[in-house]
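By letter and in written order, the chains are A, B, C and D; residue numbering begins at 1 in each of them.
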Amino acid sequence: MADFVMPSLGADMEAGTLVAWHKNAGQAVRRGDIIAEVETDKGIIDIEVFTSGILEQILVPVGEKVPVGTLLARIREEGQTAEEKVAAPAISVDREPPKAPAALPAVAAEKIAGPAASSTSGDVTRLPMSPSARRLARELGVDPHTVPGTGPGSAITREDIQRAAAASTAKTPPSVSQPSVPKPQPPSADQASRMRAAIAAAMARSKREIPHYYLQTTIDFHAAETWLAEENLKRPMTERLLYGVLLLKAVALALQEVPDLNAVWEGDRVQVKEAVHLGVAISVRGGGLIAPALHNATEKNIDQLMREFRDLVRRARSGGLRSSELTDPTITVTSLGEQGVEAVYGIIYPPQVALVGFGKIVTRPWSVNNAIVPRSVITATLSADHRVSDGHRGGLFLSAVDRLLQEPDKL
Amino acid sequence: MSPDEARSKVLAALTSIAPEADPAQIKPRVNLRDQLDIDSMDFLNFALALHKEFGVDIPERDYPKLATLDGCVDYLCRSDPAS
Amino acid sequence: MSKVTYREAVRSALREALESDPRVFLMGEDVGKYGGSYACSKGFLDEFGPERIRDTPLSEGAFVGAGIGAAIGGMRPIVEIMTVNFSLLALDQIVNNAATLRHMSGGQISVPLVVRMATGGGRQLAAQHSHSLEGWYAHIPGIKVVAPATVTDARYMLGLALREPDPVFIFEHALLYPMEGQLGDAADLEHAAIRRAGNDVTLVTYGGSLHRSLEAAEVLASRGVDVEVVDLRSLRPIDAPTILESVANTHRAVIVDEGWRTGSLAAEISAQIMEGAFYELDAPVARVCSLEVPMPYARHLEDAALPNVERIVSAVEQLVAQHG
Amino acid sequence: MNASSASHPDREHALTILHQMLLIRRFEEKSAELYSLGKIRGFLHLYIGEEAVAVGAIPALSRDDSLVSTYREHGHALIRGMPAGAVMAEMFGKVNGCSRGRGGSMHLFDVSRRFFGGNAIVAGGLPLAVGLALADKLQGRQRVTACLFGDGAVAEGAFHESLNLAALWQLPVLFLCENNLYAMGTRIERYQSRPEIYPKAAGYGISADCVDGMDVLAVQQTAAAAVDFVRSNSRPFLLEAKTYRFRAHSMYDAELYRSKSEVEEWKQRDPINLFLAQARTRGLVNDDDIKSIDSRVATEVAEAVAFAEAGEWEPIQDVTKDVYTRFDGPTNASTVAAQTHPQVPV
């Protein structure tokens, strides 16, 4: 049985409307007969049939518009001459032509390669740096010479400047200890030294200007831990929660009770901030630390916070942070529990006025209903600017964090 | 899935979250967190990568079984119906 | 080395070509009896005969097409189109046959054809006789395009072009014919040349604009700006490495091109500098081109429209004043 | 084959003519079928109805003569000797096509048979033919360059420039005009002030003649005389063959410009039927001959399709090959290494 389909008559013909059948079902047709007329954009065109036989069945009535390739009728092949049998093309569904590979070949040996490394330009002090990165460095007050370049030919890019700008305002607590695993690709010597120089400058400035006071409390983490375990069982892996996100939410909500810790210096005046943008201290692979902001932490539920937290970590480590995320945290939270540290006495990131630290979760004897039981606990610390708040306010804040963590389901 | 195949897939997942890690140097029976700079966020991404690669669900209580490279391979081969 | 005019250099190149290869013949409007509209083939008709020095009817399509056919048929024709302005009538033969036949025939055909044409403005011939359309030709894959700006290039490029298996288009700026210069001893077809070394700004140009650029460079030198002048010589292919190497040293680039600015050869070179030397740039690439007007007849208007010395100097000074 | 035998062919010659005409007819019918199935794309201009011109004229050319054609060229290419498979594969866009799949139906090339291509620009080939003839004359070769084109080309400047140049320089060009009365959708009376074509040659002092393009024997005789004239006098000649295409200009054409009755009228003088009648009355051909030729042609066409189907696609990375000729010849300073033209990487 041969198919008679709406023929393709040209690249720009998509469909045709049947205006007439010249044969009816049951009639004989011969190869080359005009058996139908089709209306196209260019006018009515006679359609010939390429097989001889009996017109078995008409499937598309006159008046219908159908796309090219639509089955119009079936023809039972009969009475074909010997020639027509031979001539019937063994048309396989042809293999598609190969798709264009990603990169078409350059016609010739690559002559557009840039000039030999810029070293030939003899201008040792010359920094390969994109014009927009150069302008951003001027705006953020970053000295490009202290910034490790990650662009082509270690050129300095906008991200490098942003990272340096953030790092220069970031604090890394002196006791940062990284696991002593040999790193196959340590950041290139001058990159690490530049970042270290930027961090050193920020540390010194913070210590010089901010009179820190430090508070510490130990928090029963049992309720949070058990709630988290049950919650994760109910969830698919992709929506699994980390305990860090509970800490972040607790800090955000506690700040609503003690808003004066959620403030930044603007010139010589302290400005308490409405929105809580939590700067989350994230270690960058290969050394260095950066604290981009989780915006409006109070307005977001645990799931949203978890998603944004994961995204922030991913982008921080792949250099995809937006400059706004680096420049507007209102307080910073650092958690070094996983590095085996129980308590963190961090240094505040100017222009912020407080820093919250969390240590590792440990099991301690704990009195519950007058009985001593083994209990998971975590140590929370607060470093705060004594010019802005005093121990009393800090204490209220830490106890609020403690209280909030006892009812994890409400976070 | 043969153990060798599983091992190479686990190593691939590991290097995707710790790109600076050299697969050849990872000791099979030493705790991964001690060998590599991996925090809980990295470990969650590692578990998710295994979940995607092997199509197996990994509850948090099984995390200790994934502490070492050999542990991961055994865990994944055992729970893979086709192995 | 002797001093010759650009015209004499072209003439001796033509004579050498005709004498050294019997397949070579010259065809074009008034190349025979008239001696060539720029007198480059004066006396050749008597010397080489009407078979090899063929005056043609004013049928640019036909005689350029015939040149292509004769090249396919085993000859080595030199077709002279009086000026680039009349070449528009032959563009179909050039683009659809000369540049395309080899690729479209699956590599069966070569077209070893040389086409020479005068180009450029500056002689108050008004809009229809003052075009500079080298950029159109440099856009076409399948042909080569060169612009001899010195007597040495005018003397030696033709011989090299005749050895090419593919069509070569030689653009001779009309103002250069009477120019005298030192005749060197050799040339090539594909490399750009540093005509003046310098460290502050790279000035890329070709053909008739070379001499205005060199003049501007001297003015700038007197004002403490050290300009490196790069003569493209080949417009397709463009010798990008030489340009990029210069820009890597000066970090600033100006391109002088008598074509109209939009979609010009200068635009292509600027793009290649941006792509190849982006991190070397301290300022955007500047372009000095003809004003986008049909070339006016009046001298003061034409001078203003062309990329003149003053416009080149001010473009360079603006560039140096900018810091990245 | 001299002129006299042209009009009184013997049996063997008659069978050859019949085979050639049927080969074109069946090849073109198969092309139409494959186009409607989407196997052949782009533009397709069928030669059905004009077979007598190619079969009558092209064999008059010798092996060393040159031929420049136009986009309605399948008949020219097949009769010049191009294998049907190479032509079909070209229309499939395959690398075993005569132009490696780069030209398609309108750009068939076979330099080994001195078939210097179709040309999709109306009259684009005429100047080329003049040049080929110029090269032959300058190198003292007694050759003819035949240039085939439709009546539409007569309105192009290239036609007048080429005839003038060929006359001026006395070049051995046979300008063969296949006048099928239509330039796509415009009938000749509507685009030519004087629709008679061959008399235009007189304006350039070029000898000319006209022939009934549906009568293959008449074409054979006239074309042979024209080729002899060009070869012996090394002067151009314009031969106008009055013919007619039974199919649309190309595949996507509603033929609003002509009536069905006009087409039917011309089909009464189908060149194949016309020849068969003459051959039968002279007892040169019988029904068995027709049947065996028909089946042999069917096999040839089917094999051509199979050849095209089996063809490979040109690897995409080769697309930049042959933009220029690889050239290793010695030049003093600049050896143009292969493809040394820097392209900005895509």
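One rule holds in what follows: a contact is a pair of C-beta atoms (placed from the backbone, for glycine too) under 8 Å apart; a residue touches a chain by one contact, two chains touch by 3 or more.
Because the structure is a prediction, the values reported are computed rather than measured.
Taking the mean of each chain's C-alpha atoms as its centre, the chain lying closest to the overall protein C-alpha centroid is C. In whole angstrom, the spacing between the mean C-alpha positions of subunit A and subunit B is 23. Taking each chain's centre as the average of its CA atoms, subunit B and subunit C sit 65 Å apart.
Distance between chain centres (mean CA atoms), subunit C to subunit D: 39 Å. For this pair, subunit A with subunit C, the centres built from the Cα atoms lie 52 Å apart. In subunit C, the residues that reach two or more other chains under the touch definition are 141, 237, 240, 272, 275. Shared interface positions of subunit D, defined as residues touching 2 or more other chains, are 323, 340-342, 344. Chain pairs that touch one another are A-B, A-C, A-D, C-D. Residues of subunit A touching subunit C in their complex: 107-108, 111-116, 118, 120-121, 128-131, 134, 151-153, 155. Residue ranges on subunit C touching subunit A, taken from their complex, read 141, 237, 239-241, 244-245, 247-249, 272, 275-281, 324.
Against subunit D, in their complex, subunit C makes its touches with residues 25, 51, 54, 56-57, 59, 61-75, 77, 92-93, 96-97, 101-110, 141-142, 144, 160, 163-166, 186-191, 236-238, 240, 271-272, 275. By the touch criterion stated above, subunit A contacts subunit D in their complex at residues 7-13, 31-32, 40, 42-45, 48, 50, 68-69, 81-84, 86-92, 94-95, 97-101, 103-112. Residues 66, 68, 97-103, 107, 109-111, 116-117, 119-121, 124, 126-136, 138-139, 145, 157-158, 161-162, 164-165, 168-169, 321-325, 327, 329, 331-334, 336, 340-342, 344 of subunit D are the ones touching subunit C in the complex.
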